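Consider the two complexes below, in which chain A is the common component and chain B and chain C are the respective partners.
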Partner chain A sequence: MLQKTSAVFAAAFALRLALFEIPGLTTLLGGRVEISTPITSFKRLSEGVFLFSHGVPPYDGGVVHQAPLLLGLFYPIISSALLVKLLYILGDIFIGYMLQEITALKDKDSSQEKKIRQYGNKPEAPGMDGLTVAMLYLFNPFTIVSCVGMSTILFSNLATVAGIWMGMKGVRSLAMFSIAAASYLSLYPSMLVFPVVLLLTRGVVDESLVKKVRIQCAGLYLASLASLFLLSFVLVGSLDFFRSVYGTILGVSDLTPNLGLFWYFFIEMFDQFRPFFIVVFQIHVFIFALPISIKLRKSPLFACFLLSAVMGTFKGYPSVGDAALYLGLLPVCSEIFKYMRYSFLIVNLYMYSSILAPIFWYLWVYLGSGNANFFYAIGLVYSIGEVILLIDTTFAHARREFEAQSPPEPSGGPDLGWDRVVAQK
Partner chain B sequence: MTLPKDRTAAQDRTRRMVLLSIWIAILLGFPLWWKTTRVYRAELPFDEVEQWSQWSSCRPAFPLKINVHLSDAVSLPGSVNPQQQHEAIVSEIINKVQSSSPSSGSQNLPLEVVLVDQAWRGTKEQDILDRPSAVPGTYDFYISPTSSTSKKTSVSIKSQRQGWIQVADWTQDQISSAVAETLERVFGSERTKIQKLLDRQDEEEAAKVKTAVKYASGYQLTFSLFSGDTSNGVREWKMQEAINTYMAPFLRTMSVVSKFTVESQVQHYASLTFQPDLDATAKEYYLTPDKLPNFINTAEWSLASTVSSLPSLNFLVYVPPADQSPLVIKSGPGAPPSKTNSFLIPRWGGITVLNRPANDPILTVSELEPVMKIFLSQLRDLLGLSDLSTSVPAGSFPITFQKNEATSMTTWELDQLLRKRISENLVDSIKTLGSLARLVADTPNMVVLDPIQEDVTQALLDVKAACEKVQGSSSSSLSTGSAVEEALQHSRDALEKAESAFFDPTMVSMLYFPDEHKYAIYMPLFVPISVPLLLSLLKELKKWAAAKKEAKAKASAKKTAGQDADAEHVHDRKEEAEDRKTK
Partner chain C sequence: MGLLSRISKAQRRTIFGRFVLDWMPRLSYVMVAVSFFWLLALPHQNYSHEVYLSENALLPGGANTRFDYSDVLAAEAYRDTVQRISTLSSYERAKALEQEFAQIGLKAATQNYTLNTSTDSKHGVNTYAVFYAPRSDGTEALVLSASWTSRDVTANTNAIAALLALGKVFKRGSHFSKDIIFVVSDGEAEGLMAWLKAYHGNEENTKDRAEETLHIRSGAIQAALNLDFAGTGDYNGLGIFFEGVNGQLPNLDLIKTVTYISGGLALTLHDEIVPYTDNMTKNYMNSLRRMLYMMKYQAAGTPSGNHGLYLKYKIDAITLYGFNRPGLDANRYGLFRLGSLVESTVRSLSNLLEHLHQSFFFYLLSGIHRYTSIGLYMPPVIILGVSFIFQALSLWGESSDLSLEVEAIAQGKEVPVTLPYSRRSRSFKTPATIVGMSFVAGLASFKLVKTEFGFPGETPLLKLVASVGVCTMLVFSAVSAARLRQHLLVKNEAEKKKAQVNSKSSSGEPAPAADWIMLKTFILALSALMVTTLSALNFSMAVSIGVVIVLPFMIFRPSKFLILNAIQIVILSVISPPGLVFLASWLYDMDVSLVLRWVLDGYEIFGTWLLPTLCCIYWPLNIASMVMVLMPTE
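This part shows the complex of A and B:
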């Protein structure tokens, strides 16, 4: 087993290293709008580090939208290409490792619960093991291109997964710090505070203790966030980064096309309605956090997945790196797979858009024989895929809950499962 | 179907919490909705604009000061007291001017006639030319008995705001009527024009094609030499020297009104879009007037100036190719050709066709002299500088004009242009502001940003300043020419500010934005969201109301039975849950 594990991680490492060595591939992938967005582009990060190292305020020019501490992280190593590559590869592999650990912890959890019986009173088949989950993350093409394209979404993903892992392990301070770091890097993961707090309080029966942990977590989260901001302020010496980093994420001021839904909409928007619709779109992303956490408070891990998928779909600057995160978290909840109805359609939509997006981009930008509508249409297809995935997984989860809550009659009569309710009505 | 009761209750609670959290987010969104779609409207001074359009606070008037110098070479007959007599002459002149002027526009150009005590000694012309008046609006009339043998009254207008009136009979009556008639003939038409302009009665005039370009603080003059082909042998022209000699003095004088930048170009192989007709008998090619609008080959001749953003005026010299020479402008075969061989395109520029021997590759300054003279007169027309020598109506005696040799104009005409431009600018600014006010009032959806308010306020201040300056230019005889120039400056600023407010892109974009557009924007967004949300809210409320009613009914029923309240409460809850489940 250990041998197998190390073989998988070594293969993932070797594959990434090999891809990094293909000349021009990093630049090519790093220049793709599907992979790097204005807020995750490595080119912009390098620009920021260059400005920073030359004593120029990096956030004055409107090019750099990455968090100051990311600049601080790359400042000492950016001159060495090898170190940068290793940082990316190891970061990605560590995410894979954490996903494996999360799956293991979850299996331990669920082994204590009573097994959900399936039709015919058979026990539920065990879900995917940790290594498979890690493999699904590490060899997901989206993960690989995002890593080789050096999108800085990787670090946000790393912090998010670390937060979930620590939440599973029950380490409050680290869990909250990781989520704070993820929020600090790309703002949206702040929604994950709720499910991660639920992870930390799972299994706790005492109401007062739950309340105490919640308050403690809120304090830890805010303190971590404040210290990160303070550290950034010390690093760059001004608060300009707030406007440049979070202002851009929330205000969507850079309308470089990407796979998301914002850019085309705001290009066409009447100026007068711009602020209003930006507010509507952003509220729309955040509005899911509370209801999903309330509804799914019994399965916070699934809530984590849903919320990452929500932000990967509806955020202003989505990239395939965001898909890599939620597609990595999805197999952790592999027990719902058998209830999903549209898996085939979803897989097809992802493949369709992955193939056509570069082609239509080329048609539009290089050949001029297409226009912006072509590319945006593919962005829409991609988003439809994501939305169907969201709906279908939610349905599958609810269905499984239902199965668990209303087990079939132990004996007598055909077992109709869901249809029984319909039949009774 | 047997679900544990507590779980149903828990599910209910979850559903309510979810619904509540969504509704809270939406309610939090409402103030943001209000704030982000608020139509920001800076307050505009509509009343003030309305007042200005009636000229109620200040009506622009250009007071003229007329200094009358009487010659003392011959004393007036019957003079007892020179002081009394002077007063009598002045009041007589004013009376006569007022009675002879049919228009009521005298308030626009109020006359102030002063008889200068210091009598004029000489009778020679040179004495007048040596005493120029530098103040716009102040004119000196030198009056002397006629020296010519014909014994007729004659008036000579000099270039520097002086006039020499030679009166046939040296009597008080003759003097006053000669002065009055001269004033009426020189200023009368201008007075009515300004009157009409200020009272917006110049619509019929505005409808006509105006030759003069719209006023700007600067113009770009482009002189172009277009050579048909190499056969005519033209290679270059001495334009710089020609401009310095013939144009520069005029442009310098005009610089109080507008500044000029000058550029020139030579283009070869400039072909016409059509073949000129041949008049075989006269052995010349000719252009008929109806062909002139097509003369410019817009497709091939590059005339657009790239260096400046100022409005440009074009002056073209066209040298036809040898096989089309000579080329003249005439109405048909046999008709006499145009003397100047040139024509003017209103608000665009002038064109001269130059026929010349093919052997000389260089157009010299002397060869360009007639061309430049034509261009100068075309430029005058384009700038709206009226020619007094042709526009003054005929009267009982002749008025001759002596133009300045270098600038070929008189300061009288320059003053007239200044007054015309000031009034035009003021009227245009107020018209623009009025349209803006109407537009803003008619379009309640239009956003009016602070810069627009600033522009409008500033424009009104400039209008006011200009108006006061022209009023003030009058009253003190010591005022210099700068008052009028400052007024022009203010009027120009007012117009620029008014137009920048009117054509502001933030306003233009919202020019047409009816309410239906708003529905089109909001509907696709809110209807799909709000329908399920509202329905589920209604459902929850209904359930809640039903449960409450039932509980009340039960409570009152059981109270009469005298049961313990606490137990009853627990019981109720259970029943409630059961009810819900069965529903």
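This part shows the complex of A and C:
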């Protein structure tokens, strides 16, 4: 087992290293709008680091929209291409490792639960093991191109998954710190505070203790966030970054096309309506956090997946890196797979959109025979795929819960295992 | 109430099952038929519209042309000069032309280039001259070009003479709001290619290609006309060539402008004069032939003339081609008419306020005046793609519980409540591995064919044979692995059965779906993906691939009869890329290595997608289907 694990991780490492070595590939992928957005582009980050190292305030020019501590992280190593590559590769591999650990912890949890009885009175088959989950993340094309394209969404994903991992482990301070770091890097993961707190309180029966943990977590989260902001202020010496980083994420001021739903809408919009629709669009992202956390309080891990998928679909600057995060979290909940009804459709939608997006971009930008509608249409198809995934997984989860509550009668004939005799009661 | 709804649920389930399992495949064949008929109907008069001018700024034919009889005399004098220097070496004739342009008063220069393909080495010198329009700010330009070699493979004498004479005419006028660049390119296409690359600042200096930097420049090129008037005589036909690299097309307004200006000079599409008749069938056949001619160029991706290279740089361009066909009045188009036509077109294009954008970029022409728009020709390809998907969905249903369930309902066993999931296990690993391996093999053969290894006696044909070897080996190994797997599975099953008989307990698990069903689902879904996405890039290529593969990929399945399997394999190998190469060489009565070289040249000189598409996308699916046909049936 250990051998297999190390082989998988070594293969993932080697593949990324080899792809980094292909000349021009990093620049090509890094320039794709589907992979790097204004808030995750490595090119803009390097610009920021350059300005920072030359004593120019990096957030003045309206180019850099990445968090100050990210500049601080890259400042000492950006001159060495190898170190930067290693940072990306190891970051990606660490996410894979954490997903494996999360799955292992979840298996341990579910082994104590009552097994769902299935037709023919058989126990439910176990879900995917941790290694498969890690493999599905590490060899997902979206993950690979996002890593090789050096999108800084990787660090936000890293912090998010670390938060979930620590939540599973029950380490309050680290879990809250990680989620705070993820929120600090790209704001939206702040939604995950609720399911991660649920993760921390799972299995706790005592109401007062739960309350205590919740208050403690809220305090920890706010303290970590405040300390991160303070550290950033010390680093860059001004509070300009608030406007440049979070102002851009929330205000969507850079309308470079991407796979999301915002840019096309706001290019067309008259200025007087802009603030209103910005608020509507952003509320639409955040509004899911509480209802999902309340409804799925029994399965916070699934809530984490669902919320990251909501983030990746409805945020202002989505990229395939966001898809990599939720598609990595999805196999953790692999027990719902067989209840899904539209998997064929979803896989096809993802394939069509990921092939047609570059083609339509080419028709629009290079040949001039297409136009912006082409690319936006594919963005819509991609979003439809994501939404159907959200709906289908939610349905599958609910269906499984129903199965658990009302297990089938084991009276089906031996060769008619799929029958459930309906008795008139 | 509860019971009633449950019973009707069983009925509904049966109807759904029957639809998915029986009717969807049939429906998909109907859709294929619809698609084929739709495609055949496209050239018909009722499905095309009259070409109209969309961009009003063009004002075609609105200008009084200045090209008069004295200019014809000048052109004739230039014709003699060009004829004299055309026999010189590349460098000398380029220098001589440069001098001619300079004498008119234009800024002229030359450009050296070298291009090494895997089969050939090409070197040449281009000449170019810029007329700086007196009223322009130099940010926009039009190009008039002619290559030394015409598409008839003779010297392009008249065209170059016309360029020189037009330079003289333009120099007299002050009407132009765009600079005009004259380019006389060496070689067939590689010269203009090198010039365009250098003009856009992409010149390279590597082992394979070297392009000299341009010393004279003007603004962004808005449109271009390429002239192809071979020889020194007059012509009785004038044709327009417009298909660009990888099936790109110029804006329809450009074609309409030229036809509008030509007015009385009956222009035709390509190099054939099609008389209009009252006979509907004859008209339809003529239109069909014209459309097929166009689609052939589009599908192959090779441009039908040098204008095709401009399209790569977002510059709309066409070629005007003068030709002589027996049976028509001779001497219809001399230098006078051609010169006026080109001058008027340039004057019209000079009126443009912005890049041509008003009219269509996606169209099919069935005649110079009739076009079929994208809204009409796209549906048949989409229908073709959907028919693939329907087949795949039906197989997907077959590999689930659905078939067993429908059977159970039909036998009236019990009133079943459908399970929320499929109990049959589907194996994704085997088909995914086979498809993945086929794509690797396709990519490997692409690399193999295009790389120059440098060992003695290396020919493209040899490399093709090598890649066929690679792919055949893959097919054999995959098939034997699949057979071995099935053997093991059967053995396991038998052991399980024995164990069950002993323990008297039943697992109740239905048998897993056969591997070939899953593999075929994969192939069909990927084929749909290929055909529909390609159609956005290159409609003709997508249609030709779709029409070729649709029936074989849908019908073929492993059979118990050896002879049926053999027939299927033969058909699949005929439509595989090597098979197609041999088919083409037989059809055009050309040597196989020449066909291969043509494909390779297209890839290396123009950067067409034919070779990569065939090798990396089309071939892998073909290989996977072969494996599928040879797989065990259970």
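One rule holds for everything that comes next: the second predicted complex is superposed on the first by the 408 of 425 C-alpha atoms of A that agree within 3 Å, B and C clash if a C-alpha of one lies under 4 Å from a C-alpha of the other, contacts with A are read in each partner's own complex, and residues count from 1 in each chain.
The definition used in the following text is that contacts are C-beta pairs under 8 Å (C-beta built on N, C-alpha and C of every residue); 3 or more make two chains touch, one makes a residue touch a chain.
What you are looking at is a predicted structure, and each value in this text was computed from that prediction instead of being measured.
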Chain A: partner with more touched residues, chain B or chain C: C
Chain B versus chain C as contact partner of A:Phe242, first or second or both or neither: neither
First (chain B), second (chain C), both or neither touched by A:Leu356: second
Touching partner for A:Pro291 - first (chain B), second (chain C), both, neither: first
Set of chain A residues, in rising order, touched by both chain B and chain C: 420-421, 424
Of chain A, residues touching chain B in the complex: 270-273, 275-276, 279-280, 283, 286-287, 290-291, 294-295, 405-406, 420-421, 424
Chain B - residues contacting chain A, complex: 1, 3, 7, 14, 17-18, 21-22, 25-26, 28-29, 32-33, 36-37, 39, 447, 506, 509-510, 513, 517, 521, 525
Interface residues, chain A side, partner chain C - complex: 119-120, 338-339, 344, 348, 351-352, 355-356, 359-360, 362-363, 366-370, 399, 403, 412-422, 424
Residues of chain C touching chain A in the complex: 2-3, 6, 248-249, 311, 314, 355, 357, 361-362, 389, 392-393, 396, 401, 404-405, 408, 413-423, 506-510, 525, 529, 532-533, 536-537
